[in-house]
Amino acid sequence: MRTVKIGFIGCGRMGKLHMANLINSVPGAEVVAVSDPYIDTNGGREWCQQRGIPNISDSYENVLNDPQVEAVFVCSSTDAHCPMSLAAVKAGKHTFCEKPITYDVPQILELQKAIEEAGVKFMVGFNRRFDHNHKAVAEAVKRGDIGDPHIVTVSSRDPEPPTMEYVAVSGGLFYDMMIHDFDMVRYVTGAEALEISAVGSCLVNPKLQEESGVPDVDTAVVTMKMDNGCIAVINNSRQAVYGYDQRVEVFGSKGMVSDGNDLHSTAAIMTVDGCRTEKPLWFFLERYTQAFIDEVASFVDAVANDKPVETGVVDGLIPVLMAKAATESCRAGGKFVKVERP
Amino acid sequence: MRTVKIGFIGCGRMGKLHMANLINSVPGAEVVAVSDPYIDTNGGREWCQQRGIPNISDSYENVLNDPQVEAVFVCSSTDAHCPMSLAAVKAGKHTFCEKPITYDVPQILELQKAIEEAGVKFMVGFNRRFDHNHKAVAEAVKRGDIGDPHIVTVSSRDPEPPTMEYVAVSGGLFYDMMIHDFDMVRYVTGAEALEISAVGSCLVNPKLQEESGVPDVDTAVVTMKMDNGCIAVINNSRQAVYGYDQRVEVFGSKGMVSDGNDLHSTAAIMTVDGCRTEKPLWFFLERYTQAFIDEVASFVDAVANDKPVETGVVDGLIPVLMAKAATESCRAGGKFVKVERP
Amino acid sequence: MRTVKIGFIGCGRMGKLHMANLINSVPGAEVVAVSDPYIDTNGGREWCQQRGIPNISDSYENVLNDPQVEAVFVCSSTDAHCPMSLAAVKAGKHTFCEKPITYDVPQILELQKAIEEAGVKFMVGFNRRFDHNHKAVAEAVKRGDIGDPHIVTVSSRDPEPPTMEYVAVSGGLFYDMMIHDFDMVRYVTGAEALEISAVGSCLVNPKLQEESGVPDVDTAVVTMKMDNGCIAVINNSRQAVYGYDQRVEVFGSKGMVSDGNDLHSTAAIMTVDGCRTEKPLWFFLERYTQAFIDEVASFVDAVANDKPVETGVVDGLIPVLMAKAATESCRAGGKFVKVERP
Amino acid sequence: MRTVKIGFIGCGRMGKLHMANLINSVPGAEVVAVSDPYIDTNGGREWCQQRGIPNISDSYENVLNDPQVEAVFVCSSTDAHCPMSLAAVKAGKHTFCEKPITYDVPQILELQKAIEEAGVKFMVGFNRRFDHNHKAVAEAVKRGDIGDPHIVTVSSRDPEPPTMEYVAVSGGLFYDMMIHDFDMVRYVTGAEALEISAVGSCLVNPKLQEESGVPDVDTAVVTMKMDNGCIAVINNSRQAVYGYDQRVEVFGSKGMVSDGNDLHSTAAIMTVDGCRTEKPLWFFLERYTQAFIDEVASFVDAVANDKPVETGVVDGLIPVLMAKAATESCRAGGKFVKVERP
């Protein structure tokens, strides 16, 4: 197996997570360059040095100009995802970009064009496609175990709400949180949404709009008419007090497949008070630990062996279009809105 | 405990079911009169004689005029539910009416007025409220175990579609099938729907509309904005090949409660092919066997001990109003329609 | 279907249970005679009159001499099971005898001989063979789903201990309680025990032996070498505070089949404290409600249609031999004792 | 946190597993020396070089003489576990020894004395104590959730039998396989076995004894009288065709706690054939992946912070004494044998 030499733009939480996974768990990957504008003040330089990474700097250009670097991970702040990806692609590097690329559709289209011209691999980080549970659901549907999908239900709930500061700049629940679930519906059905209806409320925090200063919601249900006739429903809450709740159910002409949450343990305690079992794992870093490893391994494999990536630029684009339609529908009281393709 | 003497109008499948349950399983109930226009040709007379019922006839008037009869069960054909109930109520009898009372709102209002004037008990047969699983969900919500409800999901799927003849006269999926689920949402939340959006397709039988001659659907998703702020979703299919699938999930500010289907057995067989467990019970008569007993026992208890009934005429009315809104929404492509209260 | 006319000897708890099941739930069964020495003082006569049973008396001879009676249920006090069965069989009646027939082996052998001579059906009431869960386990083994059985585990625990008075005359845990589990091992394996080792303690009530005046135990584990090579283990406790715990697991060359307890409901409540589900049903009358119905229906079917009974006199005999070996082993500190066949 | 510098004796499967875990997942651990007599022919030298380990040799003395090395992992062939541990302890190194130390009791006692004299940490590798499921069971018992333990059941089955060559030198099922389960019973009860009865058969391979040349079994059940009065049962099979089956149940005065296997995914597929879920993970490397990490992290923590080890030399000794008693009992037909303490 040949080694893929990798550079990182961004050495924050996600950058370190991906680097550690590549170093510890992905044979054939080598991290050779890292940049972060704050690398000398956020402890990033020391972290990289301990792992023997040679090229460490505060400028992304040092990564893109490093001739050793074959592939780049863009793990910068969200607003830099798209310009950094564009720069990496134009530098001829295979590129992995954390989600979301951007919420600005023309920018994504520009990136898409650049990828085609450069002939490089581009992957966007929808980690949930690599989760063992969701993958088993998707594969059962693909194998035809449940026939044609008729009704899809995605339940996706965070354990605790973000700060009001975060909400203010997040783009709103449909862009920031449900975007993963839009991708999940596409993943498990292999179909595209034609029209979307969204309803939402501020039930977790009735003062959400006032406190955040934006017209956001914290509880939402979205219904989608898919192009294969099936109906998909997503429900989101910013606060499931019992932990990160991530479940998918696909009902079809020949049966149903569904998954459940991973638990801390399988232990069951039976007493006069009933039977007590564990809660779901607390949040995405616990639930998707292995998925994050498999995600970057999949990208390295695509680069090393010239295979198609699991989630390309189009997969980064379409959920943004879906979030756009959902946001519009929610503000209009739930009427169905077409998902416009550029 | 005093004995409640009961007369039946209708000796078909549901009439016999309720009678057998009253006779075998409800102490304090005695069936003393039965009428059915076809009692001499459908084997009803013999069936009643074997159970020692004294007053057997082909005319409902013989039931209403029987001075022994304190309470009447209306288990006639659907179109006679409302007029027979009205006659029973006007005759001063406590009345149990199989669902639906009627889909005609003014008739229900007339019945409601008659009930008030007569001062009798009136109960409509929403058997699912007496199911041990759904009841446990409703009670957990009522106890406050999960806090305020935020998102409700009702999955309700029949094992096989009805005949086209039945579909043609059924009033459509929202009236005929989802009406139970409208009641379930009211039951588990204690809240009322303000607006309803419905989308539906013919996925089980793409020729459904053509073959039945009516604009019906066999797969539907309904979203409701409830008056306590929570969002409720119902999904229906006319065909779950694995059996009768009836599940409820209520997610709230302090947790989540959900139920599952009853199974033939708890046996699990683990082999090289994985672990195999049982399917849900096949249809409502299996799943709701005990619920039907508890339902009629509840009515007898209300009559004998002058308690309020579990599901009164208003509970028969409101799901009809919800079905009306859902039907209108579905035909209009899913826009939210207000539930109009008369 | 022809009607089987039935007489009862004994109108206590089990007698009433079987009668009610026959009357309410077994088409083709008719209870025509009942006797009980205390029928005029324990409310039995009134109970029978309400159900229209014509021949009610305080003498079992009135049942056996009733020419209408084709089959007899012996539900007397335990010590009369065998003599009453013997009398019924000698009177030419098909006989259902509540378990245990007796713990006296020669008496069972005498009964066995009488049954053969009379050519009547004789069934002993091991109700658990008719439980939907255990039956599914036995059928999976019989179908070969798990190959040859290698290791069998039967967990069988009562919700609360009996009174000391009962313990004093019960014959001890191995006769009184584990006898059902000995039958269960035979049922699910189709094999016979060659040697038995038993260990037991007084853990529920350390003063059990002192208070009851007999050398009994309340917690026991029995290991059996079966004639097909497999090893079977039974564990018993007189007190599972969470309810009646009845589970069977059969592990074999091609897999494993196991069952679980029936629960009050499938509801699951998830909160910050974890997930809470229901306890098992409280005791045998709840858990085996349907099994008791199916048991008597099976006997009536055997009589009406001349089929073999599910559990004959040999099935009543062998668990007694097993209990004998277990009792001896337990008193000898757990050494293996042969199951002696007379 | 200070760094613990570690040397390895043995660079086979377990050595590499522990090294990789220490390097990738245990902050504060550094592997600085490795020896293996076959290091130049089994690829070990290259493997270590890739990980930047400086001191690589074919002689364990190079590890013990390395002044940097503070702690030693003994992962040699089984027969060298005890002498290598003894040498490491005498060299003043904290020592982690893979299980089993040895089956020779006097040697363990000699090692125990040496450990006391050297005043070093010594830990034996019972990885299952670090499994999230078993740990949750043990902790529930320790917290008192289930009161006093009365009946313990450990089911422990391998997915496939070892080779006959392995069986011939393994010491037999009770030493080689059940030794983990003996430790598990001690772990979850906190109690010691007084007497042990063992029965076993060759059911997986009826020719096992003939082919292996030793009087071993492949299916066994062991019953133990514990010093707190509770009764513990272990069942072992060399072949569970559905995968590695590792479950523990503790029943007590206030309830029951039990665990189940980890599965590949939580996906459930419901069709006309029933509901299909996943099999257990295939073998110990999959099931105990995280447990192996937590095990070595626990040792490093004990060394770095001078805490007691989780499983000391006594925990290595006692299961050997239990295996000895079980082996003797099995050969004597199952009579109870005392666990003799030296």
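Chains: A, B, C and D, in written order; residue numbering restarts at 1 for each.
In this text, a contact is a pair of C-beta atoms (placed from the backbone, for glycine too) under 8 Å apart; a residue touches a chain by one contact, two chains touch by 3 or more.
This structure is a prediction, so every number in the text was calculated from the model and none was measured.
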Using the touch definition up top, find the fewest steps from chain A to chain C. 1
Measuring centre to centre, with centres taken as mean CA positions, what chain is farthest from chain C? A
Write down the chain pair with more C-beta contact pairs when A-D is set against A-B. A-B
Whole-angstrom distance, CA centroid of chain A to CA centroid of chain B, is 43
If you average the CA atoms of chain B and of chain D, how far apart do the two points sit, in angstrom? 58
Note: chain D sits from chain A at a C-alpha centroid distance in Å of 39
Please output the residue numbers of chain B that touch at least 2 other chains, ranges allowed. 241-242, 254-256, 270-272, 278
In the complex with chain A, residue positions of chain C that touch it: 241-242, 270-279
Name, in rising order, each residue of chain A that touches chain D in their complex. 23-25, 52, 132-133, 135-137, 140, 145-146, 254-262, 264-272, 278
Flag every residue of chain A that touches chain B in the complex, lowest number first. 148, 150-151, 153, 155, 157, 195, 197, 199-201, 203-204, 219-221, 223, 225, 229-231, 233, 235, 237, 239-242, 245, 251, 253-256, 333-336
